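There are two complexes below, and they share chain A, which is joined by chain B in the first and by chain C in the second.
And then the complex of A and B:
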């Protein structure tokens, strides 16, 4: 006979509000959070703007180049509006941003928003698959580590996790390419598509979203989809490895904490199956802090991994912003940073929301 | 086994199953297609420097490579000989006074759009480049063309005749050599005019589109990702490959893997350490071409130590040219010690300096620094430059010079250099157009050495080097009509510069490209031009 274990509501501390009032409260709190979000975004805009103005890289030189005469230099400086006071520059910039205009990138001559709309989906594909991998492998691994604490599965998972922390990503990326692409030929190589498919993507697929996977699926170009997936596998595994190492370690520690709780003992005494104790009750409670861990790990990947993107010739946001920074292309740096910041804040907001839904104490 | 262990054993099997399922999902991706399409040339290259494909604006290696295949100029560089030959202009004459050049435009040529190529297009192209006044405009404005006068000085009296009126007489070869530069590309006036926004002469549109008569048309440019070119059916010569696909790949190790796996036909950024392996590879080989870029170490003459002539000479004697050429820059640079790269009119191959520590110490003692001194070398943070700077640090230490390395981003290093705030700096310079004046005018001429002069584009000025002896020679050489005399002038000024300038010129770039067997006819452009794609054939691909 199976005795139902305690629901999360049952383990809530005395005095915690019941479920009936929770929904409007979530809405109220969400409204407050939304307000905070707007203030945070403004702060982000101001901070990136000021940092861009104080770094010792001359954005004018980035445009006019090595050979420019002083007259060309001055003309470009005036055209960029850099002669005006800082506060005036910021007001003008913030005004443009409000209307969705992040300016033109000096590196690509295109509107920054258009560039970011191209680079961000590439990173999004990579980060999403890597996080998926991290969650699907990392959480079970963490649980197994906790239930086998100190024994060989735990040791094995810890060693694998430790490697994930300590191996430099460019090395792992290169070795993975050499082995799985160069030697074994199991996966496709660097870049998002093979040339032949790149041409058919260029000619046959409508770029609805900028994500090759989504666009090719929506256009029914399944050969392009398959090729894109085969290109995504290796970089996603490399990035996912780091993500799973982190998630597994955190899961293990949360699980150890939960498995030591009285309700676990109580459930076992009641005769609840061990699998249910571990995977439903303990993991259910560990899931609350795990949401934050996964969201943070996902958000970090969304910033783009410059080294992975370099090795795998992956035209993502990390590479875009880094290139822009080195070249003094500040419109691009500001735009890229802002979009990543927005994604970061949104993810935090979402995980906050999810946290409240999963954990009744937080309502 | 206890119940607990058995149950968690089930749990761990479940976990393992989930993990394997996840991996299997990823591994289910289809097999790799390791061959490039037969009608497409696929090139791996770092193209993040590409900022515009408008010939009046582009001045970066990647941009010029594409433009060289999209547009034609009045005078062209022959890919086979790398010498200037008539292009869209079939012939030209120079007036008695040497100031008026009249070009006869070839008949029957058409743009990719189908519009005929006329002298009016050529005049419009030069006028818009001068009036846009972007980085490469000086190649045209150095002949006295200005945004104000260009309507009068560049005219097309009829569809076949283009007249250029210059501000003073110039050596005819100087003018025609300069016109081979990409900024002299002839654009399709009618197409460009349809896309003008305000006062931009179609610049925004032409930055990301093409309107030329060359072998290819621009199909797509995705910044930091790829450039796709398609053959222009109206081009008057056969173009064997229908498409060119340039993939942006930064990492040389990644380029090598792509090449070896057959995913690209040409890898243009090969690390010195990979050269031997690619040469020995079963399906790949190397092709090395001498390019125009020069590496130099220069000393700011505002620095009182470096201003002593013996000090810069001592530094030239301390550098281990051969040592570096045989190790850190093996296969990518060769020793070269004069400011004109090989391949240019008047280039010399003299190498008066080799490492000689005793001689250097003696010169330093003469200068009053028998124990050496401390100095800073400014570099941009690129691996090759870091390697060279470290080698220089070691070499200078042998003479007692304690060099520290200051690494900054490229843009910051350039700001410091242009403001004359460096001490020693390790830099490169690439010629702008295939005439010796391009380098002579920046290494050996300085019209005003004062801070107020602000000749920030001039290397002699940046190093506060007055170039007193060679400045008049540079001026004399640009008007010298006799080619032999012109050549002799350049040879002489290089020898003076080797001896007394603050430039320790070390290397000329030799560019290694990894190429798949069966891919033939690729030219990176030598010292005087940019890449030629349209001459490339692949095994089995027939000409159109």
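And then the complex of A and C:
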């Protein structure tokens, strides 16, 4: 029996975006995304600038102190450029930012960019390790929870996750320090390095990236690397616990949804092993919404967790911006916020890109 | 095994769902046989016809449970097999085409990978052989541009093409029995017939057994050799398709009376007035 076949045009859309053609399309879309990225950055700059100007903290007073005379106050005000109209101030500020000049911090009296370049890698290091932990433990935990729905592994994971959600981070951080640093001595204490290693960090390590872990590994200073890792482990675990709890919970619910789909049954009908059904078929689909979840959780950590950074004396961006805010140091606040904002936008862009790679329907 | 021996013989199959308000039986002790022929199972929604198909494959998921005195397939007793042994039967010897290709094909995998997987799970084969067999299988389901379809994703296919891909994916390991669970219900009326013709041709050429599950009595009667009529989890009548006009069971007759006819006037269609006695099979 001959049956008229469908015309090739039946494959929608025309131009058949097969595997080979998919990549240039991704790049083309990325170019458009890049345009919106620039607009977003401008908006971010404007918003942070305006917020800094309407906040009822007087940056002039922060510099001159409350014993200054009116004349001294006025002079400082003019020197800061605060006497000019707002729009002029913004244009001047935006122009400076374009040349990489975020002004000078009144608190540290160093250029803000230099401060941020020191603080942000510390946060980046911490957030990345915590997220890695969250992904590597949280996703498998969520998958196991979904495949053992209602049975003891699921309950166990749920209780552990619930703890991760509800225990305050300062308490968890303190207890972790007390047990693993104070009592057991398994890890190093607060800070990024022992004082004994700070000298060898100065001399042996070339600061390529600002991340002590990466730089010391690149420079081959393995003793510094080991000490830095030992310092990083506790705060990363504490932060990672939260990200793990969140990622595990979302993975479980995405997986439950996918495991109920017909294509999963179809794979089983074909004789595919249960492990492959779960880890390749279902997780491959659950990965699509998971990208957003992981990116969001990573972004939250990149803002810098002030509490964790305080407890572990971690000189990260969260601590830096908070201190600057309390001191009325607006150049530092603006610069720090802007850099975090840029990281946020870049992450968004990256997850968008990843999304298109994982989900063929989004190409 | 002789040519007339049944491929599949099911005895006293029950599918039970444990709910909060106690167990509910979706399939209540049915027995039937399928040889190298086309057997239709018809019934309305919830009559247990789909669960019957899944139970044969051992794919009733919790909270459902399938039990049977015996499910014989060829020389094997499927109820005695471990999950691992059962996997060797799934796909390779018994396959199933499901209702809607929009949901039954994995959206993030290319068609090529999904067809290849059907072959790969049942033994090692070279990439070249897998590709050749995938292409010839797609040609058999009347897909003109198999190379391009192999590289595409399910969302790039129309419904009719998707279902032909599904058929190709399920038939490429050359199973002996195919369960088709409402394989055309989700398709446009215009392509339903195409897909059915392809399915019919393949089943005939390969000498396979077909268990065709449908709610469409007329379709089943033109397409199958034998019809099992299910009502509330039981087979209430078994009849040769050509004799459907002489059906004796009141449920079957009621269903037939509900069908609209061209030129049948514009009087309202008959509806079923159910009676408890219908649940009993014919003597």
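By definition in this document, the second predicted complex is superposed on the first by the 340 of 363 C-alpha atoms of A that agree within 3 Å, B and C clash if a C-alpha of one lies under 4 Å from a C-alpha of the other, contacts with A are read in each partner's own complex, and residues count from 1 in each chain.
In the analysis below, a residue touches a chain if its C-beta (ideal position, glycine included) is under 8 Å from a C-beta of that chain, and two chains touch if they have at least 3 such contacts.
Only a predicted model underlies this, so the values are computations on that prediction, with no experimental measurement involved.
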{"item": "Partner chain(s) touched by A:355 [first = chain B, second = chain C, both, neither]", "value": "neither"}
{"item": "Partner chain(s) touched by A:90 [first = chain B, second = chain C, both, neither]", "value": "neither"}
{"item": "Partner chain(s) touched by A:181 [first = chain B, second = chain C, both, neither]", "value": "first"}
{"item": "First, second, both or neither for A:226, with chain B first and chain C second", "value": "first"}
{"item": "Chain B versus chain C as contact partner of A:288, first or second or both or neither", "value": "second"}
{"item": "First (chain B), second (chain C), both or neither touched by A:261", "value": "second"}
{"item": "Which superposed partner A:273 touches (first chain B, second chain C, both, neither)", "value": "both"}
{"item": "Residues of chain A that lie at the interface with chain B and also at the interface with chain C", "value": "273-274"}
{"item": "Chain B partner contacts - residues on chain A that touch it in the complex", "value": "56-58, 61-62, 64-70, 72-73, 75, 105-110, 115, 118-119, 129, 132-133, 136-137, 140-141, 143-144, 147-148, 153, 174, 177-178, 181-182, 185-192, 194-199, 202, 226-227, 229-230, 232-233, 236-237, 273-275, 278-279, 310-313, 315, 319-320, 323, 325-328"}
{"item": "In the complex, chain B residues that touch chain A", "value": "3-4, 7-8, 10-12, 14-16, 18-19, 21-23, 26-27, 29-34, 36-37, 40, 42, 48, 50-52, 59-60, 133-136, 138, 204, 207-208, 219-220, 222-226, 228, 243, 245, 247-251, 253-254, 257-258, 260-261, 263-264, 408-412, 414-415, 418, 432, 454-457"}
{"item": "Partner chain C, residues of chain A touching it in the complex", "value": "1, 3-8, 10-13, 16-20, 261-263, 265-274, 276, 281, 284-285, 287-288, 358-361"}
{"item": "Residue ranges of chain C touching chain A (in the complex, touch as defined)", "value": "54, 57, 59, 83, 87-92, 95-96, 98-100, 103-110, 117-118, 121-122, 142-145, 148-149, 151-153, 155-158, 160-161, 166, 169-170, 173, 194, 197-198, 200-201"}
